[in-house]
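To start, the structure under review is shown below, and the notes come after it.
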């Protein structure tokens, strides 16, 4: 399963709900305002660092760049993909689920 | 691969429409088929026929139309959701058509993947 | 509505995570669900997070001027849509018990709900 | 008391428009003046001229129009936000007019209260 | 100051942000999906019970009824108003602030 | 835009609580703020919660296809809009420091931000 999360973890419960439902080994792609969850040094970073051990976590690079965040700030274990990588993730997983 | 897309929000107010467009372009560039894009909830507003975004900003209505024109992507607006919000048969931006919710379920059945963009 | 005659039967899940009335998602998801009944698919409805509030008994929208669409949940079994799953933890966090719900459902733990989601072919959320 | 209202969201998708209408009706019933309702962001979609909600549901477009007609409430749609979303001068639901954002700031200055409804 | 909150406390941070910015003695009106914060027996009820001691907290009755909740379920100290009461609250306070 | 000549000067505050690009609020609030400059009011901008992300340096929207409107914040003082307040706790929770911001601001504690909000005549939020 590929889960997409597009909400800031500081504003909404979408990421938390995703993390508590996703099955071990699932892939999670953070897009739009969801990319803030990938940043280190925040009040949610420890939660994401722990999640990155149980899930394959990715962040959409163009959304990260738009928000002025660079790769050096990411929590360890989070990978960066572009829109083509997003398409590949969709193709690799039989089902996608959006946490809105 | 045959990919179906569901767009839940209107243009500009939420990023859903932008992300869906960027995803579709990338999928087409990689040789996948965008079998249908279904517009539901406020997503029907992507078909608004008389919008005129600022000239220094992107025109999402036109970008959807180009996807239909250049790549034959089927852009379907839900009739019921559209009527609630003022988007009607015969009066949409170029490239869109109006139909029923069954077209979304059909996309779910026919496509290898269905990807949702919303708020 | 055309019935599909392809013979393909997929596991569809409609995931309800939003409260009713504050936004239209609960109502328009129901319209989706009703249409899906014509396609002979294996339809599942999940109620998690604030979605569990959709099933609260006793909704009365007169003073709001909105339509009360909650009776539709009781009509779903007339469309052979009978797989309604509600998450136990979501109810507990919101002070609800099964006695608060307007329709019979299967109550699942969060872990079981996650496992069920993972079995689906098509997941639609709003 | 002179009350100004800001509506940030379109009809149906969010409850903001319903709540604003119910608030305006109650304020008028109590003898207050609704000096202006300003529609911004997706709020401009309340002025969509060709909507046709299900007959068993409320018609929010018509309810706004009645507020203008019966109580002389000034319903102002932001021109820039409207153009982005397909709501234009001369093509709105009855009762609405198009103008600039200055009309909102003016409401903030002139009114005793300004109340915001949004998402 | 009259603060209005229209978001579920289980879904968004609007109520929490309101409570942490409002000045002692301020009025807070819960409307739309915000009314869920007024319910007892929930994971957020203790936070609201404590808030009801520092602020004047109200809930919009029509929104409560629409969601099938009755007055008996409310946290102690929360008052119910109708739309006319909402108007009175606006009239009584020089400024309104919406937490969206 | 007509300038108001009533002589009334009110304390206006535009409260930014949302991140940029995911929704349009940050951009359209800025359009409001620019117009307000013509009315000779006492204009305040507050950045709290995810609103602090609006001021992050180095925004680059090319790959998104959206317009990067962040330079407008730097242009505000040309409109005599100089009262920009950013909340310390909101920045800290999000791992940001003043060095991350693209424009000079006054940093306030959450308590001071609440007190400032309480002094306003008109508060506009999105």
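Going in written order, the chains are labelled A, B, C, D, E and F, and every chain counts its residues from 1.
Please note the rule applied: a contact is a pair of C-beta atoms (placed from the backbone, for glycine too) under 8 Å apart; a residue touches a chain by one contact, two chains touch by 3 or more.
Since the structure is predicted, the reported quantities are computational estimates derived from the model, not experimental observations.
Peer 1: Which is the least count of steps on a path of touching chains running from chain D to chain E?
Peer 2: Graph distance in the chain contact network comes out at 1.
Peer 1: From the C-alpha centres, identify the chain that is farthest from chain B.
Peer 2: Most distant chain from chain B: E.
Peer 1: Could you compare the number of C-beta pairs in contact for A-E with that for A-F and name the larger?
Peer 2: A-F
Peer 1: Mind checking the centre-to-centre distance between chain B and chain F? Centres are C-alpha means, answer in whole Å.
Peer 2: Once rounded, the distance between the two centres reads 33 Å.
Peer 1: How many Å are there between the centre of chain A and the centre of chain C, using C-alpha atoms for each centre?
Peer 2: 26
Peer 1: Measure off the straight-line distance from the CA centroid of chain D to the CA centroid of chain F, and report it in whole Å.
Peer 2: 25
Peer 1: Residues of chain B that touch two or more other chains: which are they?
Peer 2: Within chain B, residues 8, 12-13, 15, 22, 41, 80, 114, 116, 118-119 contact more than one other chain.
Peer 1: For chain F, what residues touch not just one other chain but two or more?
Peer 2: Touching at least two other chains: 21-24, 49, 64, 66, 121-122, 125-126.
Peer 1: Show the residues in chain A shared as contacts by 2 or more other chains, in ascending order.
Peer 2: 6, 10-11, 13, 32-33, 62, 82-83, 94-96, 98, 100
Peer 1: Between which chains is there touch?
Peer 2: Result of the pairwise touch check is A-B, A-C, A-E, A-F, B-C, B-D, B-F, C-D, C-E, D-E, D-F, E-F.
Peer 1: Spell out the part of chain A that touches chain F in their complex, as residue ranges.
Peer 2: Touching chain F from chain A are residues 6-8, 10-11, 32-33, 36, 39-43, 45, 61-63, 65-70, 73, 82-83.
Peer 1: Touching chain E in the complex: which residues of chain D?
Peer 2: Spelled out, the residues of chain D in touch with chain E are 1, 3, 8, 15-16, 19, 22-23, 25-27, 29-30, 32, 113-119.
Peer 1: Quick check on the complex: what are the chain E residues that touch chain D?
Peer 2: 4, 6, 31-33, 62, 82-84, 86-88, 90-91, 94-96, 98, 100
Peer 1: For a test of understanding, state which residues of chain A touch chain E in their complex under the given definition.
Peer 2: Per the stated touch rule, the residues are 10-13.
Peer 1: List the residues on chain D that touch chain C in their complex, please.
Peer 2: Answer in residue numbers: 12-15, 18, 21-22, 56-58, 119.
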